[in-house]
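Multiple structures follow.
Common to both upcoming complexes is chain A, partnered first by chain B, then by chain C.
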Partner chain A sequence: MNRPRLFTSFLALASLLLGLLILLPIIALLLASSPGELLELLFQHQVQQALWITLLSSLLALPPIFLLGLPAAYGLSRFSGRLRRLFDALLELPMVMPPIVAGLALLLAFGRRGLLGNLLADIGLRIPFTLLAVVIAILFVVTPYFVRRCTLLFDGVDHKLEDAALLLGASPFQTFTHVTLPLVQRNLAAEAIMALAQGIGLFGTVILFAGNLRGRTQTLSLAIYTAFESDPQQAFGLGALLLLISLLLLTAVKFIAPQEPVR
Partner chain B sequence: MRIIRLCLIIILLPALAQAADLSVFAASSLSEVLREVTQSYQKQHPDTKIELHFAGSQALATQIEQGAPADLFISANTTVMTRLQKSGLVETPKLLLGNQLVLAVLPELAPQLRSIKDLARPGLLLVIGNRQVPIGSYTRQLFADLAQDPAYGSELVSRIEANIVSEENMVKAIVAKLLLGEVDAGIVYQSDLAADNAHQLVAISLPARHNPRASYPMAKISGRRSETTAKAEGEADDFTAFLFSPATQQLFAHQGFLTGVAP
Partner chain C sequence: MMILDCRLQYPLAEFELVIELSVRPGVTVLLGPNGAGKSSLLRLLAGLIKPRAGRIKLGDRLLFDAHKKIDLPPEQRRIGMVFQDLALFPHLDVQQNIAFGLRVRRQSQAEIKPQVDRLLDKLGISLLAERNVTTLSGGERQKVALARTLITDPLLLLLDEPTAALDPSARGAIRRWLHQVLGEFQIPTLLVTHDAEEVAWFRKRVAVIEKGQIVQRGSYHQLLREPQSDFVARFAGINLISGEVIEQGLEKSFHSAGGTRLQGLFGSALPGPATLAVAPWEVMLFAEPPGGSPQNVIPGQVSERIVLGDRVRVTLLGKEKLVAEISLRAWEQMGSFDTGTKLHAVFKAREARILNN
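Let's turn to the complex of A and B:
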């Protein structure tokens, strides 16, 4: 009888330590600047610009994330076999890629000396150092996570409901839009916010692929990096601001996503 | 159990390896040349373990303020050094080197870009340093000076500034973006183009009377005495003397630095 209790206390201790490891730096960051300082930051033009670029790029990335990610996730959930496993592995690649490597890879693909460089130059499109580059970076990093989570979501939808719709003469597309999607719509809204939160925090990939220019490609994370060079106090404040935004989004996710499973 | 032991070893290893005798914090523009200098120093002092730590001067200063274990600090500007000196973190600095700005361009564009005036061409992609870091503040100083000079004028300078696509925190990042071929021109230190990999870039000199002179002061970190032994203290002095020796100064000059300059 003694062993299980020992094990339980081990679990509790490990969780407690992990909790402290996560909470301590967060509290330290929030304590580093006063609410007044944070408010003052919000009124600085440079901060407003960075905030705008951050939100704009993450919002602009959402439609393509859904457009590419949803069909992929639904396909992964409904089909199995070697092709699915291959695609699954492909999705994992951006997840395990260090952000800097992802940035370099994007430059080598879409840069003007990159694989598509000549093609893009012919249509007069320059991607690096533009807002489009920020959006592509977000798309590259965030979509695989989005697909992963949505696949699980679709896995949870009761197949019998879809089968019933098909039996009643609905086309597979109608079944998807009229049966499957409505079942998971609240979860999808939560996933959208989750993708937003992930895009907002991007750094390494963005600074390499999109550069760092105030008002054009400088997101809040890049502004933190820039501020750290001259004014660490401001970097702490901006960090707290970014953290608060993320917390807000996470709370929204918890609020929107239904507590019970879909089925 | 074996896994726990392995984890412990992995955690403790870096701590053991950190036992360097001398830890030098230096501006990232010095990385190549200081590695070379340290190598020849270690030939004479094989027992001394020197750890070189390179980053932007501002970042290094912040790290020193936060208690990073440095023995010597070489900054790429005097402002940062003065800040540390005022807070009593460093002893009286000595001027080690000088440097000046140069326009670096892609070899294929060299025939078209012959002077700073050509940077105003529409559509040119220019990358400079962030105004918070030394290279960027020198560049802004250069721009301000050019704007004052009727031979160039503020209109030309604002056209040049409109071509800036990214502001980097480290001068090496400017060179890297040029070497990747993603930008057309950058403003860097003369010494940056002496590095082996940067030989393919073409250096175009800037108007001498407007070219700001960068200086690299170095100082011993104070307050380290209590924790370090007299031996480490002597090693810091030895290494400093080696940096100022004629042979080393010649090496610096060969790498594009200005030596023997008055502050």
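Let's turn to the complex of A and C:
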């Protein structure tokens, strides 16, 4: 009996320390600014701009994330073999890439002197240092995680339900839209919010590929970075603001995602 | 007349499924032990998995032909299948589940509604229409699953162990219902089961599948009377005595593992390990060993005695274990013996079939 009790105490202690590690900084950040200060921040034009760009870019990234990510995730979940493993590995690439490096890579692909530079210049499209660049950066970083999670989601859908739909005369596409998607719709809504939350916090990739142009590409994260150099108190306030937004999204996810596994 | 004709080959883990089968309107029962390939056969017919070779023809439509490279996808085969766990759509209510097949055929709500109502009415489940499928009982789920399939007018119906998931008390009612509904629709139906009672309900046409092959075909009666394999005999509650066929010159004889020499019909049995099968109702019981025509006599002690209406099932334990089924009157005439009584079990050589294992 002695050993298990010791082990249990160890588990409890580790969990406690981890909890503190997470909670302490969060509390510190929230205590750094008064509610009045936070409210005041919201009325500053510059902050409003950054907030707007943050939300807009993340929202704009959502449709392409779904459009590219959902079919990929469904395909991955329904097919196996070498091709699946290859694509799986491909998805891991952006996940292990340092964000700064991802920014550089995007610049070299879509920049003026990049691989697609001439092509894009010909059609009059300049991507770097625009809102579009922010969106592409989000797309690049967030989509693989989205696909990963959605693949697991689709894995959890009972294949028999899809077989039953086919045998009732539904085409594979109808089966996807009438059976598979409705079964995971709540989880997908939660995934959308997760993607939003992830996009809102992006920093390294965005600053390299989209720059830090106030009113054009400066998101809240970038505004914090700028403020930190001149006015740390402002940075703390903005940080608390961003944190509150993330907490809000997290709460939404917890409310929307069903507690039971999909069947 | 709509008839399914199929000839299929499909490799399974331990053996190859090699099936030749035709299914006519009405119910054909596919009986077999677990792992015999029953469910695989259904999935092959449905087009959910692809045969290695062969042909599937339904009426005059070719659904699959390995040579002609024809392989219709499941949604074009017009085959209805009721899965063992039913696979009702949990995000739809009963009506919507049933309407599914019509909705994906792009029928309008105005066309769908009366058809669903009519079918619900015909199957006697109108009251369930607006229920959430997750709140239905097992029997109700079974009915909804069948309705969902029937509304698409399938040309062939596949039922995978339709009562296996139900609790035993609900099985009888559902079997009766199924029997009645399937009788009305007269669709060629392949009903997979390993349950004796189910076979008794649909007894006209039974095919037995073992290790991926159809080993016997006929009515339930024929199966009981002339079991052609171990499984069928065991299934029918028939006595099985394992032993060996020994050939001496032109004479064949059967020696049980317990060391008794017995007479029987050898048919095509070859020398080697074999089983002797004799039906309980062919075994007579005597206090003293009788003489006369070539008979097998096995002495033993009554270990169990069950009165079943006007029949008595007696288990006799000696060198062999034998179950005899005698009439209540015969039992009474023998003094209504109890367990522990020493008796002789007797059966004629021509009632004992010897089967190779």
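Throughout what follows, the second predicted complex is superposed on the first by the 263 of 263 C-alpha atoms of A that agree within 3 Å, B and C clash if a C-alpha of one lies under 4 Å from a C-alpha of the other, contacts with A are read in each partner's own complex, and residues count from 1 in each chain.
Definition applied: a residue touches a chain if its C-beta (ideal position, glycine included) is under 8 Å from a C-beta of that chain, and two chains touch if they have at least 3 such contacts.
Fair warning: this is a prediction, and the values are worked out from it, not measured in the lab.
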Review point. After lining up the shared chain so the two structures overlap, which partner does A:Gly169 touch, if you call chain B first and chain C second: first, second, both or neither?
Key: second
**Study point:** Which superposed partner A:Pro182 touches (first chain B, second chain C, both, neither)
**Key:** second
Exercise for review: Could you say whether A:Phe129 touches chain B, chain C, both of them, or neither, answering first, second, both or neither?
Suggested key: first
Practice item. State whether A:Leu161 touches chain B only (first), chain C only (second), both chains, or neither. Key: second
Review point. In the superposed arrangement, does A:Thr217 touch chain B (first), chain C (second), both or neither?
Key: first
Review point. Is A:Ser57 touching the first partner chain B, the second partner chain C, both, or neither of them?
Key: neither
**Study point:** Partner chain(s) touched by A:Pro232 [first = chain B, second = chain C, both, neither]
**Key:** first
Point to revise | Residue ranges of chain A touching chain B (in the complex, touch as defined) | key: 107, 111-113, 128-129, 211-214, 216-217, 225-232
Study note, to complete from the structure: As the complex stands, chain B meets chain A at residues 56, 58-59, 62, 65, 125, 127, 130, 132-133, 164-169, 177, 180-183
Review point. For the complex, which residues does chain A have touching chain C?
Key: 158, 160-161, 163-172, 174, 178-179, 182-183, 263
**Study point:** In the complex, chain C residues that touch chain A
**Key:** 46, 48, 73-75, 77-81, 83, 85, 87, 89-91, 100-101, 103-105, 148-149, 152
